[in-house]
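Shared between the two complexes below is chain A, which pairs with chain B and chain C, respectively.
For the complex of A and B:
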């Protein structure tokens, strides 16, 4: 319950018009800070849902695969230039962002991650490394302005943000593959 | 016996997991739907493409605005009645995309047979920076691109609210930055004889744009 309240507090804070406007005024903060924070609020909500509806998660997300696919779909959707633009110009999309990222990405991620086999976890990483490199390349290399609400320079910054994140994931995977944590205990 | 047992266990397992499998399927379907509708059937991944597609569908009317051209003449869009109008939006202090845009426009202009120029089609560059782009500035600017000021005119819209109404109707997005420059989207706009938007064309593909324009003009002339 405590977690849920923390999550709710963050969500309400992020949704305050001045906070939302400020974060959305910078492209990279919009995508790489506001959106992940929204997922984290969902992560905090998840505990309560799991306690309230254990049967639901057990039945429909037995091996974690449906949840992680849903997470992937929602996150990929929000990396598209168009979704970002529309969140700024249409109220409905903005509301959808504040609902979909916590509920459809954050909650299933928490429920799924522990259930996933290591190999599936790696596949998830590969997928996002691929998407993030692709998106980074798209935002950096694109000669045209992809988002009508942001300048090209911001677009390039965002592209590098994607690439950096992807590189971090690669480093993490290498670390996991080559470092045996038991040696250091 | 053992084989049968195994089979039973398989069935039991399938029943136990069908929800899960079904959920996978459902989620994939949802994802497909989300991307399908989110991109107008995988057509428009950026808001710009979506904007252009929508404009071409809606064919908005050119709003009633007063131009002031490089020769200081004032008129409305009615000046070009019964002519196609080939339009670009620019500001003359722009150092990046606008010169390119106007250069490409001049290439289209050169491609159109002279018999149509001025008679069936007029070229018009509209400035969205009316404070700096007064008639004398436009007069100087037009010289760089061999625009004659008659069949290819450059004009500003002095009234800001009129200008805004046009930018809004034609989906031109202009964001000023702190250095007095603007970030803006660029395209060729083709307005038909009755003053409705006919098409929005990629300004980097001059040949395609010229061919489309000439095709339309030829068709009209043939009738």
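For the complex of A and C:
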């Protein structure tokens, strides 16, 4: 319950108009800070849902695969320029962003991750590395403005944000592959 | 978890064997260089202080900015780096059962590289070809040799960092599932920061500045250079802080006869400082152009986020004092101070250092705020601020450490006479710093600029009104040089002349009922990736802006 309240607090804070406006005024902060924070709020909500509706998760997300697919779909959807633009112009889409990222991405991520086999976890990483490099390339290389709301320079910044994040994931995978924890733990 | 039994056994073993000769020599050399740097840098500081008060006109062959460059470099880089590395290598040796021969060799190579680098950097300073101050902001350009020297110093530091990583990894392989002893844990955090923090400055110096100072490329991107510099400069500040904190957490409780504060939270503070640190560099660029206000605003949060673990430190220390005093029968909330060993310099110096951190930290928080920083930026206030943080909180902790570390590595003892000398030194330093730093803060608020040799601006009334404060500054500086002389004398005495004997390496134990520290605190690989992510997030916005919308760039200038 405590976690749920923390999550709710963060969610409400992020939704406050001045906070939301500030974060959405910079493209990369909109996508690489606000959105991940929304997912984290969902992460914090998940515990309560798991306790309240164990049957539901047991039935629909036994091996974690459906949950992680849902997570992948929602997150990929929100990496697209069009969806971000719409969140800024249409109130309904903005509300959808504040609901979908916590509930449809954060909650299933937490429920799924521990259930996944190591190989599936790696596939998830490969998938996101691929998406992030691709999106990075798109945002950096596009000669035209992809969003009505953001200038080209912001787009390029976001592109480099994707690339650097992808590089961090690669470093993590290399670390996991080459350092054998059983030697130390 | 380490059992209590193996702990006491190891303690005994260490007491019998002490530190090996080879490891002792390594730390001794590092500490010796550190205090030689203090002496040299202190004398240069006094020259500056007297000049700024209008009491000393520098001869024509000695330029104020030349002195300032040397003072900054010697104290900011040489003193702190050599002390930190010497201290943590002694800690690694003591807590991990002696240095591996390979690691010791690496630390010696690092020592050599740093000394050679330092000599290469100093030659052009003495020749008057490198009066660019320790920040060496382009487009001011020094002779290439200066930068080559700096690059060698960085490589030398990397040798020591990797040596430490090898030592810790080796210990962990031989002690599976155990937590790295707390001082070695601090050392790990510090060396991680030293390595990753110096990568940006290495890029700045090697990729950007050296080709430019040789004239191979014509122009340089000034804003990128400044940003890379402060990613390093700020991290260095927190490396000092973490080093001092290690002594506050681990050593001070032992000296007052108490126990260490929560092991878990200590490790969490270290992780927090490592992960969030490098991005703090932006608070040195609050007044810089080219960074959008929204971005600067968000960086205020990053800076204050580092303030949070710092505040936890203060709270933890007072908790330790109170608990220890209560065990010794003291009642009441603030009565603890009566039970503290004020006459023991190993306690007194770090204690005053901690107290100094209260105003120092408050000043730092004020400076993180855009509007307030506009008032004090590039004034003497800033110089006052870092003489309080670095010159007092950090350096006095180093002094306090020296009173047991130097006897420990020299197989000698701290005599009552040297202890007394140390207590006197501590008070002289305290009073000197209060005068000097206080005057600097105040005169800065009145508008006196930093990095400016003595001038009255044609007897301008405002500039004349600074005189009394600058005189105070000179008085403080004079007291400080007395402090420097006493301190260096004490170190030399303890290293070479004090009576032979055993000295303990003071490490406080955990509390009896301490909860088990979770193992995720040992997963440094994960924390490093998190740190890299935070760094990437923070730097991508300004760097993209600086590079994509770059101005034409600047040729080198010699402004002096």
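FYI, the second predicted complex is superposed on the first by the 184 of 185 C-alpha atoms of A that agree within 3 Å, B and C clash if a C-alpha of one lies under 4 Å from a C-alpha of the other, contacts with A are read in each partner's own complex, and residues count from 1 in each chain.
Methods note: contacts are C-beta pairs under 8 Å (C-beta built on N, C-alpha and C of every residue); 3 or more make two chains touch, one makes a residue touch a chain.
Bear in mind that the values here come from a model prediction, so they are computed numbers and not experimental data.
In the three-chain model built by superposing on chain A, chain B and chain C fit together without any clash.
When the two structures are aligned on the shared chain, A:65 is found in touch with chain B, with no touch to chain C.
When the two structures are aligned on the shared chain, A:52 is found in touch with neither chain B nor chain C.
In the superposition on chain A, no contact is made by A:117 with either chain B or chain C.
After the superposition on chain A, the angle chain B-chain A-chain C between C-alpha centres rounds to 110°, nearest 10. Within the superposed three-chain model, A:81 lies in touch with chain B and out of touch with chain C [touch as defined at top]. For the overlaid pair of complexes, the smallest distance between C-alpha atoms of chain B and those of chain C rounds to 10 Å. Across the complex, chain C meets chain A through its residues 169, 172-173, 176-177, 292, 294-295, 297-298, 519, 522, 525-526, 529, 532-533, 536-537, 540-541, 543-545, 548-549. Interface residues of chain B facing chain A in the complex, by the touch rule stated above, are 16-17, 19-20, 22-24, 26-28, 30-31, 34-35, 38-39, 44-51, 173, 175, 177, 183, 185. Listed in rising order, the residues of chain A touching chain B in the complex are 59-63, 65-66, 69-70, 72-74, 77, 80-83, 85-86, 89, 144-149, 151-152. On the side of chain A, the complex with chain C involves touching residues 22, 25-26, 28-29, 32-33, 153, 156-157, 160-161, 164-165, 167-168, 171-172, 175-176, 179, 183-185.
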